[in-house]
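Pasting the structures in now, so scroll down.
In the two complexes that follow, chain A is the common piece, with chain B as its partner first and chain C second.
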Partner chain A sequence: MSEAPVVSEPRRRVLGALGEAGLETTRTVSSAYGVFVRTLYYLVRGRHEPGAIARQMYEIGNRSLVFVSLVMGFVGVILVYQGGIQTQRVLPDLSQLGATFLELLVRDLAPSLAALMVATRVGAGIAAELGSMAVTEQLDALRLSAADPVDYLVKPRFVASVVMLFVLTIVSGTVAYACGLVGAQVFFELSPRSFVDLSLVDAVYLGSGLAKCLAYGAAIPILSAHAGLTAQGGSNAVGAATTRAVVHSSLAVIALDFAISFGAHALFGDFSR
Partner chain B sequence: MISFREVSKRFGSKVVLDGVTFDVPRGEISFIIGASGAGKSVLIKHVTGFVRPDGGEIWLDGVEVSRLDERALASVRKRCALVFQHATLFDSQSCLENVALPLEKHGRSRPRGEILARARDLLTRVHMEAFADRFPSELGEGMKKRVAIARALALEPEYVLFDEPTTGLDPVNARRVDRLIQTLSREGGVTSLVVSHDLTSIFGIADRIVMLYKGRVRLIGSPDDFRQSDDPVVRQFVRGEAEGPMDA
Partner chain C sequence: MLDAESGALEQARSASEAPLRLAGRLALLLAAIARAVADGELDRRMLVKSLYETGVRSLPIVVLTALFTGGIMVVQAAPIVERYGAHGLLGWGAGFGTLREIGPLLTALMISGRVGANNTAELGTMVVTEQLDALRALAIDPVGFLVAPRFLAIVTTLLLATLFADALALVGAAYVGAALLGVDPTVFYSGLTSGLLGFGDVAHGLVKSLVFGGVIASSSCHYGLTTTGGAPGVGRSVNAAVVVSAAGVFLCDFFVSFLIA
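Moving on to the complex of A and B:
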């Protein structure tokens, strides 16, 4: 009879920890998916509350606008400056700097960076608000009032986030491009006429950028709300939920960025020229 | 009638309820008493399905609540309201909107004006009509509790579960809440199940008292049964003595 392989204690512990982490991740993803499905259900069957959605659009969109635009403005200048320096090391021609920068913004940077900032500002806010409602039994009080917290609290945030992430991406992307334009003129004396060049942006890039906006706009409120809804305990649970919301939302943005970029590449091939 | 049958519940290694069995007769005011951490709040949350038992059954007028899914629990929660220990009013809504919420969610076809009028009536019932447009953050604890009671009564429940309704209130407000519970029972025929430590409330308005100790029912009886009990645990609790057989 063959003997079972002997696994050393430290290895067993590592494998156990990995297994536990894997199970926990599976549970979280499955539970967050449940919140997503219920949100979609209530979008169709739930009560229509335009006032609640408008309030959330203001919270998520208007109140993030300055923060996101400011960061994107700096990112625009930094990227054009660094990109210009790198380019000059290879060839002295900066005529493609504006076109390449715009391509990068449309395809990836504008939606992804805006989403990462929304994940920190809005995701933390959603998790803290819902988390404190969970630990003070306000969510149970809602259920007693026949109001499903997903319909009443998550749905307005979901709709507002999807809509406002588009708006924030367009506005902050424009700010980044404008700041890049100024940077190009100051650092490299590149005229606005040479910088503004739409030739590298095509429908696939635009579609890929818009798909990212939609995916991020949906993922951030769902993951953040899920972190808040599942908070249990006292004020430390609210803090933990806030941290979880930011970590999960940021990870989701990066993972979705990879998945959509990879999907676009697989569907449309190497569309870079 | 609410019936608890051999209800058991544990959180991790801590056994909170260990085979609790008793009935809550209709129309009466029943109190659940016991030391802090005895599982009183956990027990009443089983009735509304917020906590599921590990073992045993909870029956509400012939329906076994512990087996119902979330959708089926909605009808239980309409008939059986719960007033939480903390008022749990929604901070972003005025008192009137807080009370109107269950009416809106349950009566979607009712005109808004009618719903608000009914919500005002409920606030008048708890003497809070003057504060209808105030937000919870502008109210004291006693006022918040009264608004929470008005909200709990919005759907005209047959049963109301109160989780420490007088905790944190001054004596005057505490007695007002007691009077409200009594009025609901005597005039409205509402069955009340109250979790409390407040001996004045317990001996002032209870028809029946259930004492939990170490996860089990220690004694069920009238206030007089408790006053006259020879059980040292019961005696220590009702006299509020620091020394005795009860664990610290």
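Moving on to the complex of A and C:
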């Protein structure tokens, strides 16, 4: 005399999977948020160690510079080429190509693509390093010595990443623009004089680009460090932590990109014209 | 003086050799995989398992990425569309960007992060714990048993995921366009299908995704198989694999864009 279930079996399984994914996400976000709050606390009350921060800046910034600039250079050429070809289908002249490209770079592409590269390189690096420390019990040794790993390990990476993401974005964005300029001249015979056009960039666009830099620069080290700190097990765990770091940081970059772009357009869309 | 000079030369030489060396190793790995498949040494059961692991289990990430991508494309196209008052062209603008570049690229980066990194970590762990040697001792070819199924699974996954992500991103873009710009989704879809975009644009993206899949799969297998040095070694391998995959994806994007244009 069993009652017929309210929800059929396959539907229940789908709902179960969705619920599990939702719970898992909530748990990850809230425990990463804990790391973030502790990092902010130690920023104010923690140890002062400019040396560690400088080392991390070198590790995160200088050592990513070539990789990020190289990729962004290629991206600049491809985007100008694809954009130019498509624009030619609807508009007779390409005089706005340079200005529009710069606008897109400032508002979105330079910060977001640079951050995706940093999420891969730096995020994987942080998680692998902290994950190895976690599975070899070096973090426990730190805690035994009354040193919070967040203060010793996460804080310098956080500060370095926030600062260096601005630098990387500006440098690699410039490289992308320069490569796009060369591309425009080669493919569409646009003179550099008409390509370099700042007329479409305004304070709102610049502001939303810089806000993205700040948000990505903060999210990447926190999520990656969180993945590394929570690694448990053997060599399997380090690999799993690295994977989680890359996936979480990349997803965070894409989600923040959407949120900030949407917010900026909804709030300031009317003023920017 | 002379020593310093020859030291610098030596350093420059080894730095310029490294990418070539890597390309050579990847080519050898590809040849080994092709030979294993041609000889019928591909393990079918492992292939199905890999397809499930890489394909089905990546779906949530692909769905999330695609919906956000569509939204981002519209938000970025919005000021340009409003400037020209060309709301009918919104579908075209978001469409060509998604189909030709952003869809394949972002899907590849996410798959590289989830599947490629995971693959390196798994193979690397097997190498450090000498499980590959155990396979060889049992006369099982590790390439046919482990590497070839993973390679094929990653390439297939990325191709299908890109097709799926293209469609989802455009649906996401249509509704974000409706919410943000008040462009009716039907106007958006007619902008997509009005003749400015064709199957060529979809195919352009799919060819790219095949190449990206090959890059991600071969580099992640290569770094997994050459892991040394315990748990930190696995971390280093994963790190190297994701960096090489990401750089390789963008470089190939550049060359494929021109080759098939």
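What to note about this one:
Simple rule for what comes next: the second predicted complex is superposed on the first by the 264 of 273 C-alpha atoms of A that agree within 3 Å, B and C clash if a C-alpha of one lies under 4 Å from a C-alpha of the other, contacts with A are read in each partner's own complex, and residues count from 1 in each chain.
The rule we apply is simple: contacts are C-beta pairs under 8 Å (C-beta built on N, C-alpha and C of every residue); 3 or more make two chains touch, one makes a residue touch a chain.
None of these values were measured; they are calculated from a predicted model.
After superposition on chain A, the partners chain B and chain C are seen to fit next to each other with no clash.
Of the two partner chains placed by the overlay, neither chain B nor chain C lies in contact with A:Ala184.
By the touch criterion stated above, A:Leu144 is placed in contact with chain B alone, chain C being left untouched.
By the touch criterion stated above, A:Ala110 is placed in contact with neither chain B nor chain C. Applying the stated contact rule after C-alpha superposition, one finds that A:Val80 touches neither chain B nor chain C. Looking at the shared chain after the overlay, A:Ala160 reaches neither chain B nor chain C.
Of the two partner chains, both chain B and chain C are touched by A:Thr136. Shared-chain residue A:Ile222: touches no atom of chain B or chain C. Once the two complexes are laid over each other on the shared chain, residue contacts for A:Ala32 go to neither chain B nor chain C. The larger set of touched chain A residues comes from C, when the choice is between chain B and chain C. Taking every C-alpha of chain B against every C-alpha of chain C after the fit on chain A, the minimum distance is 11 Å. In the superposition on the C-alpha atoms of chain A, the part of chain A touched by chain B in one complex and by chain C in the other spans residues 136. Within the complex formed with chain C, the chain A residues making contact are 21, 67, 70-71, 74-75, 77-79, 81-82, 85-86, 89-90, 100, 103-104, 107-108, 116-117, 119-121, 124-125, 127-129, 131-132, 135-136, 234-243, 246-247, 250-251, 254-255, 257-258, 261-262, 265-266, 269, 272-273.
Taken in their complex, chain A has these residues touching chain B: 47, 136-138, 140-147.
Residues of chain B that touch chain A in their complex: 45, 48, 50, 74, 77-78, 81-82, 84-86, 88-90, 101-102, 105-106, 108, 148, 151-152, 154. Chain C meets chain A in the complex at residues 60-61, 64-65, 68-69, 71-72, 75-76, 78-80, 82-83, 89, 92, 96-97, 100-101, 106, 109-110, 112-114, 117-118, 120-122, 124-125, 128-129, 176, 180, 196, 230-239, 242-243, 246-247, 250-251, 253-254, 257-258, 261.
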